[in-house]
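The following blocks contain the structures, represented as structure tokens.
There are two complexes below, and they share subunit A, which is joined by subunit B in the first and by subunit C in the second.
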Partner chain A sequence: MLLLQEIKKIVKSIPYMIFVAAVVIGLFSQGVFRFQDDLLEEPQPGGSYGYKHEEIAEQIMPAALRDLLTEFSNNNYTTYPIGFIKHVKLSESKQEKMAEILSGITGNDKDRILQEAAGITPGASGNYTFQIGGDGMQQDGNGGFTIGSDEKQQNSPEKMAFAVRDDMDYARFKELMGQADDLLGGGSNYAVDSLIGYGTVPLTYEEAKERYDLAISSDKVTGGYARLFSDYAGVMVLSILPVFLAVILGMKDRRVKMEALIYTKKISAAKLTFIRYLALVIAAMLPVILISYISNMMVWSSYPGIQLDYLAPLKYDFGWLLPSVMISTAIGMFLTELTGTPIAVAVQGLWWMFDVNLGIKSVSSGYALLRLAPRHNAGADSLFRTQDYLDHFGDLVQNRLLMAGIALALILLTILIYESKRKGKFGGNAIFKKAVSSIRDRKNKSQA
Partner chain B sequence: MQFSKKRFPVLEIAKINLRHNAPLSIAVAVLLCLVTPLLIGTANLDRNSAAMPLEMFVSLVGVVLLTPIFQPEQNEEIDDLVSSKYCSTAKVHLIRTVYSAGIAALLICVFTVSMKLQSCDVTPVLALGAIADALFLGSMGMLTSALTGNTVIGYMPPLLYYALNIGMGPKLGSLYLFSMVTGSYTAKLWLFLAGLLMMAAALFYQRLRKRMA
Partner chain C sequence: MNNSIEIKGLNKFYGKKQALFDVNLSIQQGMFGLLGRNGAGKTTLMKTLATLLQKKNGVITVCGVPIENAKEIRRIIGYLPQEFSMYPSMKVGEAMKYLAILSGLSGSQRKERIDALLKKVNLTEHRDKKVKALSGGMKRRLGIAQALLNNPKVLIVDEPTAGLDPEERVRFRNLLSEIAEDKIVILSTHIVGDIEATCEDIAIINEGRVIYNGTVDALLQEAEGRVFTMTASKRELPELKRQLSITSMHTQGNKVHIRFIADNLMQGAKTCEPNIEDAYMLYLHTSGVREILGEIGGEW
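Coming up: the complex of A and B.
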């Protein structure tokens, strides 16, 4: 059977051995074989259960104002427009608009805020110095913030106090903060959806117990560990390494000069391409399925008396990880067939690199539609965050289906390209080479 | 063009290789540098924050430029052809290594200057640290490519090592790639030395393999 032959060919190759070694090293480094060190514990009354974010206006408004004032006085705002950290410095006119927003929140005069907080004299061009740093800001007993520059402290004992105006409505506050976020280009802590980060309350026993019960009933414990494993496996290895296998196998026919011979075989382009794709995906998934079970089995004996889901690793392997393997492999096959070069490694490498780094901010819950490797990483520390997972399950399904769909579409295109090449209608990177050589010829002619 | 057998046409070889073998790698490396500011802030950064784009993004030009050093001769027909020439292949590899490392260093320096122009607190030490990262990752790719005789496999270990650095962080000690973000610079010396060592090992192994063939 051709599929078995292809799988054998792959698993016996040196690149596959390196692939398996890389998978093991990558996952070992993330501690997937030490899950027994992070066991779920049933909350007991009277303990400490961690914290959660809640929209508490009395907490959020002064805390967000404090941060905004600090950043305003330094004219150095931290944002995450697409996940990466970005430091924004506003122009003078935008700083004035920010002062207007601060004026709306605090009730202080805009010009006074500009002068005393940011050291700007309105209308005086070139007078754009910042005298006040974040260190100069202190909270007073009434929830207001006092800002003083060194110079000001030396020359005048008078300080300017800023606090959220007493009659400020939380809805209006959010609106103004939203304007501040727009001014910064988005992705700041002042974005309407992010303001909740300023409200922190301790979890009650009942809430902690509810989380625990959900992890037991919905995840059946093993599901939570399988999800954590999938998070690590997806981001560390399976979104990038399968592309290597696909590219190496794709270029092998040419390397051993068998390309033309295979063209003459009876097998259809669709069958050959699809079988090779399937063989690559199966070969890439084999060690992952094995390791996911080894990792999961480490905790089975730690939960006596609890009904565990022994199929959880398999469900996550196929539901969560398989689409990543599919897209990575498909990009490798498609670009190798199209160009005849290993350019797929660069393309997938760049996508993976940006995806990994995007995850730095959204590591706790990153199920965005175009994520190569969805993230869900808070582990046993927060009882698997089962509720978050259930709340965003729809997003995850959309993402995984999209990736699998794109992968299959790329394989379809690969089949078409292969068929065209076989018929001599398409020469891979011949068009590119022709274009380069024509430019070179023209240059040579002009030199002659 | 005729050359004396005694004179090794270093510049000519570099020029021809740059024209035929390097353009794609250089284009990808330049693209990486151009895309970085679109994705991560490269303006108004303090010294530790300024290290982030250099260490985490721009240093990858080393992988792009150095890993394919042995690629042309990995095609048997080309290998047979160049073996018949009087020019030593080992010297050609050395020339490619030098200009690739040079281009990587140049790109990192240009990027560092552009950050300086955007009011970042960057110093030459940051650029040197990023160059050490680039040489380390690139030489890892070179060595794997030499050992396996396949450039594509060569890209795997540096990318895996990059991922390990994100996953394990400072646990990697003296070989931690992103230490400048935390204000530590000593690891860069080890990375630089390890990079030079791996480069030498790759060139030596390639030469040895050639002699044994």
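Coming up: the complex of A and C.
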């Protein structure tokens, strides 16, 4: 009965209506209502079936070298050290070290590599290419012309046409690339485990057919779409929005001055907190379950004759998305109860931003243990990437169980804090306000 | 289970600041008034009895239940804080139902109890009105109704009439008196009129100390012969204000009629019948004298 009352209280509130609107808009923007535009097609012999990554030294070595030379000549390297994109500019000494690595890979002299990067071809002084006309040429006041060199042209990668030395062993190449990655601070495409990205081979018909059959047998089609939905809903919506609901509703009793009335009632802190948590989680899941079905149902008619799993959206909603809602809501409830402030929004927001940016390099799949929202997006090789999902299923289960476990632990702590506050043993809000005002006082003093 | 509240040697601190000093009270069934200025420690005492604050030391039992047994205490008390509200968008009936669920009432108990209580506080016809649409007086009556949901043995009401218009105040006092027929009702207030109209037993609390504990009649008796009236010219008023503890005054043309407390009859003054306000002022006044004399070892 209390659960029903709490759910009613939530769904009739304005913050919840805003939440639902945000969920719908967020998911709509991710294209979950346009899944019928990407249909799983049975491969036919003689067609093109996409590609796959493979560790092919002959492909990887020249392609990785080409990229490294380009970045080296511009001294502008792209890395993802902690998930966030980072543009690295090396110091002169580190560029020299990078030149040594390139020297090791190409067999060319380090100085020559540095000179070429600077746009100077050794032994051919003044051997520049000038662009006549265009932006490079300007008429001066005496009727003459001033011709400027195009700096970009001078540093263009084509200028650094070095090849991998013939006797380069792939293991040694990986070692040198690893050193280059270390020099850049890690997270580059030259990291040993990232080099495989340079090796791509087309899929054969048999492989494509095998993947298609797996999607039909394992995902029963709808499972694949439910997974895509979960990827979008997890990262864009459910890892962040529930915290707002938890914070706003968590602060409501105090805001409307109802705290003391509730504190003195018979109900236990454990029952009240847990039921409120359950109500928030159910309320947050309701629109998601509904939309997941609407999204999934839109493709059902596109697969006549194939046995579909009509419960797939529900399975993914509970298995994949529920833990995200649980942790986001629990953080909201815990920090609101602890501090009496909306600080949970900032905390969860930071984690979410970090998690989203972590996904820049791993949108296609990401199941790390501490990921807030696991990723499993569509792939060029196959729409659902079923095998990849099955390979990482164990990691996904561990991640989801951990998130759910942390969420429940936070709720247990929330119960303890609630009971302490109820008995006047703990004044979380007062302590927090005191800390904030002392920081403010110190700041004011230092400004004075 | 007895029907009384026993408080012995109660001390309460907020950090290093002591809010209650060795409070001893015995509160029996009926209305009990706790009178004191704003900030005297009344709310601290009320909250301690309602298990919302922890005492530093001392012993409190509510109907035989030690205050440390918060779960059981919550079952037998009803509490109406000084400042409260309810979810503004909820209707009166819904708010009562929600709080009844939190009070652990079953479905049938809820219906029966809510109907009876709304009738008792005269809010039956406002059952479908949203809480935010209620007047201040109606909100207080709803507050009393919610505090009675669990049919408590003890009702703790903190400053319930502050801000109410005279008609609502009278109605509220009568309601509390009715409720006190079979319960302990502790009424905390700084409005002497509330006590005068409803309570037989009172305590006066000042700066965290109980300075009087007894019946209203005994308090009035103590003030007997020490309350006077006199008429003076307006010119004399500043000097009289400086010399006397004036409890009330009325201006009439050039004259001013004053009522004051003093130890001895002074020239031009007449002894009059004390009221509770006089007695209360006398106590506040003399408690200061007592403390000063106590400190220097004198007698009062």
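Here are some notes:
By our rule, the second predicted complex is superposed on the first by the 380 of 448 C-alpha atoms of A that agree within 3 Å, B and C clash if a C-alpha of one lies under 4 Å from a C-alpha of the other, contacts with A are read in each partner's own complex, and residues count from 1 in each chain.
We take it that contacts are C-beta pairs under 8 Å (C-beta built on N, C-alpha and C of every residue); 3 or more make two chains touch, one makes a residue touch a chain.
Keep in mind that what you see is a predicted model, and the values were worked out from it rather than measured.
In the superposition on chain A, A:186 makes contact with neither subunit B nor subunit C. By the touch criterion defined above, A:272 lies against subunit C but remains apart from subunit B after alignment on the C-alpha atoms of chain A. In the superposition on chain A, A:107 makes contact with neither subunit B nor subunit C. In the superposition on chain A, A:9 makes contact with subunit C only, while subunit B stays out of contact range. Once the two complexes are laid over each other on the shared chain, residue contacts for A:319 go to neither subunit B nor subunit C.
In the superposed pair of complexes, A:349 makes contact with subunit B only, with no contact to subunit C. Taking subunit B and subunit C in turn and counting the residues of subunit A each one touches, the greater count comes from B. In the superposed model, A:178 makes contact with neither subunit B nor subunit C. Those residues of subunit A that touch subunit C in the shared complex are 1-2, 5, 9, 12-13, 252, 256-258, 260-268, 272, 422-425. Interface of subunit B with subunit A (complex): residues 24, 28, 32, 35, 39-41, 43-45, 49, 52, 56-57, 60, 64, 75, 119, 148, 150-153, 155-157, 159-160, 162-164, 166-168. Note for the complex: subunit C touches subunit A at residues 47, 50-54, 70-71, 74-75, 77-79, 81, 83-90, 97-99, 101-104, 107, 143, 146, 150.
Residues of subunit A that touch subunit B in their complex: 14-15, 18-19, 22, 25-26, 29-30, 76, 82, 84-89, 232, 235-237, 240-241, 244, 247-248, 251, 255, 341-343, 345-346, 349-350, 352-354, 356-357.
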